[in-house]
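In what follows, chain A forms one complex with chain B and a second complex with chain C.
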Partner chain A sequence: MSRRAPPKILTRNIYMSDFKFPPSIKSRPVYGVLEPRPGKSHLMIADAEGAEALLRLASENPEIFSGAHIIYIPKDTGETFVERLRAAAPAILHVSPSYAACLPRLRRVLSDAHMGLQVYLAGTEGLMGQAMVEATNAGIPHSAIQTEHRGSVARRMQCVHCKGITEDVMTDPFVCSHCGLTLFVRDHYSRRLAAFQGVCIDAEEPGNIPAPVELYK
Partner chain B sequence: MTIQFNDETFRDDYTFRNSPWAIKRFPFPFHEDSYMYSVNMERHRGGPKGSVYEKRFDVDEHYLSEMRDRALVLAEDPLRCQSLPHMTLAGWDLLELIMVAKSEDYPDLFELHRNGNAWRWVNKPMGIDHSFTFLDDATLPHGPMEYITRQTQGDFAVLDQRDDNLWMDAGMVTTQADWSLDFDIGMNFFEWHAPVPLAHEMGVFQRALKFLLNVQQGSPARRLNWTMTVNPLLDTSPENYHKWGIQKTELTPENVGAKQHLRVELQTFFRLPRSNALVFPIRCYLIALQDVVSVPKWGRRLHRVIRDLPVELATYKGFVRNRPLIVEYLSQFDDGLPTSDGVWPDLETEPPLRSG
Partner chain C sequence: MSAGTEKIDVIVSDIVKVNDLVTRFEFRRSDGGLLPTFSGGAHTVVEMKDGDITRLNPYSLMSDPMDQTAYTISVRRDDAGRGGSLFMHQQVKKGDRMVISYPVNLFSLDLRARKHLMLAGGIGITPFLAQIKQLSRSNGHFELHYACRTAALGSYVDELTSGHPNAVHIYYDDRQQVIDLERLLDGQPLGTHVYVCGPKGMIEWVRKTAADMGWPREAVHYEEFLAPQSGKPFEVYLKRSGKRIKVGEHESLLEAIERAGVDAPYLCRGGACGQCETDVLEHDGEFVHRDHWLEDADRASGCKIMPCVSRFEGRTLVLDR
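This part shows the complex of A and B:
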């Protein structure tokens, strides 16, 4: 893959690896901390700083890692974590330029899944949410899927009006990348769509659009 | 009983009107002069003759116009009707429930003739006379849930029951109070109610779920819910909010009585026999404030309820901006006299409005 922009400075709040999401409504997912679990096989899917969670797992339990199939999407971290992941010696490391590009592979791997497969998801909410949909559609029980949020707190948003998905939304409000309406960011989340809901912000006062504010600021 | 069906619209020119009969039988939702959430469930086993509670699926003067409006919504956005693959059997359960109930409760309007799985359904108001094979999808023009709910007033959420929870896995939703089936489909009971303020903390949803998980076949339940809508717009969907939201700004002291509507949902819950799913019909009744206040008791009470409603609820229900205007209007119809208990209009016993 080609090199992308260098990683952003990791000390900025939004890229902090251990960001604590504020308490929210009951449809909003909550994430845990990956732990090694006994299983027949191990599938790990991560993007960007999600690699940090996998590397910690590798340091805690090299045995599980040595049998793992990893699908990793570096996004704007470029090569930062790739060599370290390779050095941790997973059975298979597939580095993909985007989630969309690895989706056929992910589906193919999940089609082979047997009882005892453990799934580990790490990184952004959008990545974990979409991979969760694939895993559960493939019949993997929730109890065999773990998640750990790392990196950007950007959201994957569905426009409730045009149904288009806008990836990596960092501000509230934001402009729908499909229909161009300015949408406010709700905490209401659909696991089926792996997306939060965006709703027109100026429906009752057309043109009255507040300045975008970075999420969680 | 003969119903005179109205020819009316719920959009554009808004010719929707309630007749004096419809006003008198309106399901006024407030049994006292204040409102807070509660698990206000009761058995759905009929009610006073002529009331909206009498039949299992109430048919009223708006039937044909509501079905026309539903067809318009679906033509614009087919995602308003969806059914996850495992819900087809529940759709047939629902079709059977409605066809049996309507043909028994309104024999002059609906007929169901069954010979084994060879069924003939006659819907006289809509001019449908259709023979099909029960449980054979290929013999219907739509899936079974869509077929029957294109002929039945109210939205329908069909809930799968598993893991001690209810999952919204199918639905026909075109007359909703601002929620999206397309977004919420597949969610469990707590997830699809997540945006509701205060009620989670009050334990309302835990208790309601416990009740609903135990609804038995043949023992349906019901409750009322309510909100406010400017204009008699059935399709207050989030999908179209960018189009209808502006109507909330069109209220004036002169038009509030005619344009502002109380929107009441008669929610019922039926256990379905083959699928063990729970069907949750949500029937929407609209009434202009000027018609509410034609019943003196309701005018007094609605003023007090809206005036004293917690701000979180007024915000969630989407009328906090217009509340001062609404309260000002309603105050003309509250002379301070006490009101009788219960939801009924009590026209014979409640005093007329004291003027001045």
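This part shows the complex of A and C:
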């Protein structure tokens, strides 16, 4: 059996800070604009340009920020936002090299948390989706968690065939980084998996694969 | 046909006086069969044939939801009400045949909750009695805080405190015992849901305090049945049916519509569920909105009315019914 060439993940990051997603099916998450809410404690999780949303919240409501626990994953933005976040003086600022690296901390914070905790998510869809899974597993209704999309429009995709997850997908179709099938990017989203569904594009006619197009282009 | 209007013929198999205000009624199927199971928090609508008047009042089921042999309800006597509770207390005798609806639940437990925090005021204890029986079967985590006027009027206090000594907390008004709500809500583990059933003021107090403390709206559950209140008689034209009807002083608009033989949707008959929402086609006068279903904008528009509890004072009212 011949295998395809090792998949090359197309992950060119494009930064669209206030990207408006076109209307879609009901399953597709809709993001809002973070607003301060009354609460006993505040947990903020952001990646890359998501920091901009937190900084805006900080400038509008320093009081909430001063008691906040922030978990921040800079990704490609490096040091761009870290000093500004620190200058906004949150109670805790934890800068993490990746989402996986901060996951034990996030789970610990949630397991110790009480009702009245407010959760704010900002940044890419993949980050917000995965953090939302943790927060809902901890008992917060998903509709009570605030989100604001910032930065890359890349998607976290699950291959419906091999179930493997490919992060930061920027084109449609794309090649599954696990099984090598070429997958069509659907808007069908799973809150449990925090991933969109990718379905083999050439199942009917093997080899008939349209040229990949950058998402939303 | 309205949802939840499937009927069951029952026999009143037991009547027990619980205290000066509350009496418990037990119903069994008149054909000797089994009743449907239900979920804790469900109510049944009891049909009361009081002379020419038929009243349909909702009561929370308080028996074990898995017990299919009998349903029990507790009725608090309301001397100033429209007479439904007085009818139950004074007219209904053991062995009587009655008609009740299939159970409908508008106050169910959210079984995703890590912990169920229950707050009851007075007769508002009844849905929790069934919910606690349901949770006890699955070893569910709950805590009940129950406020009563006096020990003599504390319905089911003994049963609750002896059955669940560590989970039940009783507060007596006459001993100046008050639920310390802020302290109670503060520090509840993530995933706790709060449920409140009691007088209007208590429900508003709990909802507001929880919201101020950052509790998600989805984690705050409440049930308050409003009894329809009496008011001035008024006339209504039901355009679709082509009928002109008169709503009596002690009759609700919904009851008058039903009396005229017009099938109108309903579920809770207490202004909570939204099922009976009706479009107003024309009006000249003032609405007396008593539900907690319609949004302020709906009320301001004058285009909607909840006929189960709300009334009208004025010259003309035309409904799309």
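The working rule: the second predicted complex is superposed on the first by the 200 of 217 C-alpha atoms of A that agree within 3 Å, B and C clash if a C-alpha of one lies under 4 Å from a C-alpha of the other, contacts with A are read in each partner's own complex, and residues count from 1 in each chain.
To be clear about the criterion, contacts are C-beta pairs under 8 Å (C-beta built on N, C-alpha and C of every residue); 3 or more make two chains touch, one makes a residue touch a chain.
A quick note: this is a predicted structure, and the numbers were derived from the prediction, not measured.
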Both complexes share chain A, so when I overlay them there, do chain B and chain C fit or clash? fit
Who does A:181 touch here: chain B (first), chain C (second), both, or neither? first
May I ask you to decide whether A:118 touches chain B, chain C, both, or neither, giving the answer as first, second, both or neither? second
So, does A:199 touch the first partner chain B, the second partner chain C, both, or neither? first
In the overlaid three-chain picture, which partner chain does A:190 touch, first (chain B) or second (chain C), both, or neither? first
Is A:25 contacted by the first partner chain B, the second partner chain C, both or neither? first
Please tell me which partner, chain B or chain C, touches more residues of chain A. B
Smallest distance from any CA atom of chain C to any CA atom of chain B, in Å, after fitting: 6
Chain B contacts chain A in the complex at 79, 180, 182-187, 190-195, 200, 238-246, 248-249, 321
Could you list, by residue number, the parts of chain A that touch chain C in their complex? 37-40, 110, 113-118, 138-141, 143-144
The answer for chain A against chain B in the complex is residues 25-28, 158, 160-161, 163, 181, 186-188, 190-193, 197, 199-200, 203-206
As the complex stands, chain C meets chain A at residues 112-114, 185-192, 211-219
